[in-house]
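Have a look at the structure below before the remarks.
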Amino acid sequence: MDNVLGYVGLGAYTSLVIFILLNMMLAASIQVVMASGVFSMASVAFAAIGAYASADLTKYYDVSLGVGMLVAVAICMVIAPIFLVPAQRLQGMYLALATLAFVLVFQVFALNAANLTGGALGLFGIPILTTLPAVFLAAVACAYLLHITQSSRTGRALRTMRFDPQLATTFGINLLRYRLLVLELSAVLGAVSGAFTAHYLAFISPNLYGFGAVTTALSMAIFGGLHFWTGAYLGAGILTILPQLLLGLAGWSDLINGALIVAVMVFQPGGLLVGLSQAARFVRKRVPALAR
Amino acid sequence: MLVLQQLINGLILGSVYALFAIGLSLVWGILKILNMAHAAIFTWGATAAFFLLRWVPLPLYLLIPAMMLFTGLLAAIVDFLAFRPVRRQQRNPDDAELATLVTSLGAAAVLLAIDVKVTDNGAVLSYPDALFTIQRVTIAGITVTNLQIGMFVLAVVLSLSAAAFIKWNRTGKAMRAIAVNPDMAAMLGVNVDRLTIATIAVGGALAGAAGVLLGVAFHAIHSEMGEPLLLKAFAITILGSAGSVVGALVGGMLLGVIEASVLTFASASYRDAVSFGLIVVVLLQRPKGIFAGATGERL
Amino acid sequence: MTPLLEARGISVRFGGVVAVADFSFVVEGPGVYGIAGPNGSGKTTALNVITRVQPLQTGSLCFGGIDYTSWPAHRVAALGVSRTFQNVRLVPTLTVLENVMVGLHSTSAAAGIWGSWAQLPSARREERRSRERAMELLRELEILETASQLPSQLSYGHQRRVEIARAIAGDPKLLLLDEPTAGMGRSDAELVAQLVRDLGHRRSMAIVIVEHNVPVLASLCDHLVIMLAGRNLTEGSPAAVLSDERVIEAYLGTSASRNPAKT
């Protein structure tokens, strides 16, 4: 997802905004599970499945993007519960590992199933059906869903689950149900992002959905802050724009992302959100006029 | 006969996988660090060897130790700059594990990006032919090359030395103490920081050796050569129990043989999926692996 | 009359170690009960079994006549059982108010996530009611001003109060307190004891306290159970139990070792 801008030409603000929005949804796909204690990297696989499934449908069966996306989302929602098995059994790191392995295996599958995915060469000639208004609406709808999910009774349950699953059960929180909820949300977000991406780039290939994509998505979510969906959106926005602002660095975005991950983890693991709120508290203390 | 030939090939290749995996397994089992940058260090070893050979045409038996030194140092630097500060930050060990994993992803991205630039955007390079002349030997209908024998011997020797070190040497015992309980070990006078860096350095050194060996074996090095290996290393580590050197060796050989079987009897293209299958099966059935309790720590 | 809680013949082993063996505990109805015993006698494990957080090897659990021995942990709250923990476990990323609202989770299930997404009036009403109830509790425990703070900003004593507020938020029939005075000095422990006494009076709740602090137990409990090495040692009124030779021996050693000069 790094040198994708090379395909459609730099400079047009439209494509930049579209990519920001797409990345926002992908980053949120990772945030929603990780903030609840389910360390799943499967979002990238959902994006890949979303991309390939919808592209196959629109390209070979001439369906609309809406239908293609619906089917792709449905497929991902059916697959998502599979991750419940490792999620219930494995501790954090092992779940991350298992889901990472799933991403890599799908990559292998995509490389080999040439009749479905075009193999290593990728899938060409996908109809360009993605428009800015559509993506914008999708991003807003997702933000709405996430906001309510994360700031309601459900949100409190999810955060309790993240902190201490045993404690959560004491208060009647059904871990299985909530883990399924966040996995399904993650699937929807990933699939939507992937489907839109495929129909904007007109071309997708397996190496868009491997380690690099995981690192990119993870870095956006972590940079912004994993506690709340706004972190994912913020991180995605900044990290998508950054290589563009620092002109000529577009080819270095992998390195920048990597360096940023390290920097954030070392200096401010809570991400930008935590950093901002700490700064806000600091300012409020020093400037009494601002303290309400 | 062909089947046996393939299996032997798989076994030998597997031993080199094991060499690469030991670094990951040790660091994971003893230090609870899942080092995603391990593959990048492996790739740097192979790449650095290429550039070193352009300056100084070293013979293979000198090249390997030179690269081991280089990658060992590199790994130590990565730990010092990226992992150690994160370890200091996080109180909760589970959080620290995940945080280090994420950080290692970042470090991997940085290292790989540099490698790509240095190799002219990921071009495929190969070592000069003069580095090693392949000779074939046929015993009882099985053909092996001197390279294969060398790889196998080197992998086994290095692995068993590492295993013996951990089991009998005082420093090795200190490492095992850290695996069981780092705080207790520190209280008993073990310099946890120094040993952590040492363990990571050793792992990195072994990865460098594997890098050169595979670079010679496949007659090609490129920025992406580490990626498929990482998944295999996970499988080997999980199968052979994190922290067990012998486990990694056995696991590697097992993986090599299974892959060779899949290649022979099924489709070559699904070879890489074998690792995933292994991971899933082992994690669900016997998450601690075959050699569980090797270093006495929990999984 | 059916007892509120009946735990019978509970056994738990961890590998080779027997944590609880043939332990039985009955809570008849509202009142203050105590479970005491030296370190390692299995008190917290017993609590964990009662709340189904710890699986048991043998035994049965009944609440109000309902056999819940094989129920999953998250269904226990709905029965009306609530608890606090030895170490204060407040969610650090939730405010004090939100932490207390978590205690209402099992009692406010009407709308569910779909209702929230649709912003149904019933969902919003429920959220408002939860918020008000939580505020009320904070007021009752005299920590209302901390409502929008994070747990890390509160003193230990106040954190304990938040935990209690969370535990009683759902109006439980049975409240289990695990070492509520842990780490407290005498005056703080007295305050907690007072709190528990008030709670017992104002709501018809059965309170079970697991404690080391014998004086506190003595003053609070109507009925005291002593555990030793995972088993029942004896039980009864505090006065009777605490003057039992076996109990004194369990805590302080035999008469001979206590009075070396006499032998």
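So that you can tell them apart, the chains are marked A, B and C in the order they are listed, and the count of residues begins at 1 in each.
Basically, a residue touches a chain if its C-beta (ideal position, glycine included) is under 8 Å from a C-beta of that chain, and two chains touch if they have at least 3 such contacts.
Just so you know, these numbers come straight off a predicted model, no measurement behind them.
S.K.: Apart from chain A, how do the chains cluster through contacts, with nothing moved?
M.R.: B | C, once chain A is excluded.
S.K.: Which chain's mean C-alpha position is nearest the mean C-alpha position of the whole protein set?
M.R.: Smallest centre-to-centre distance to the global C-alpha mean: chain A.
S.K.: Where the centre means the average of the CA atoms, what chain is farthest from chain B?
M.R.: C
S.K.: Per the centroid of Cα atoms for each chain, what is the distance between chain A and chain C, given in Å?
M.R.: Centre separation, chain A to chain C: 41 Å.
S.K.: Roughly how many whole angstrom separate the Cα centroids of chain B and chain C?
M.R.: 50
S.K.: Where the centres are mean C-alpha positions, what is the separation of chain A from chain B, in Å?
M.R.: So the centre of chain A lies 30 Å away from the centre of chain B.
S.K.: Quick one: in the complex, what on chain A touches chain C?
M.R.: Listed in rising order, the residues are 145, 148-149, 152-154, 156-157, 159-160, 162-164, 166-175, 181, 227.
S.K.: Quick check on the complex: what are the chain B residues that touch chain A?
M.R.: By the definition above, chain B touches chain A via 34, 81-82, 85-86, 89-90, 94, 97-99, 101-103, 105-114, 116, 227, 231, 234, 267, 269-270, 272-273, 275-276, 279-280, 283-284, 287, 299.
S.K.: Of all residues in chain C, which touch chain A in the complex?
M.R.: It is residues 51, 53, 72-78, 82-83, 85, 89, 91-94, 98, 101-103, 105-106, 108, 113, 116-117, 119, 123, 126-127, 130, 166, 170 of chain C that touch chain A.
S.K.: Which positions of chain A touch chain B when the two form their complex?
M.R.: It comes out as residues 39, 85-86, 89-94, 96-98, 101-102, 104-105, 108-109, 111-112, 210-212, 214-215, 218-219, 222, 252, 254-255, 257-262, 265-266, 269.
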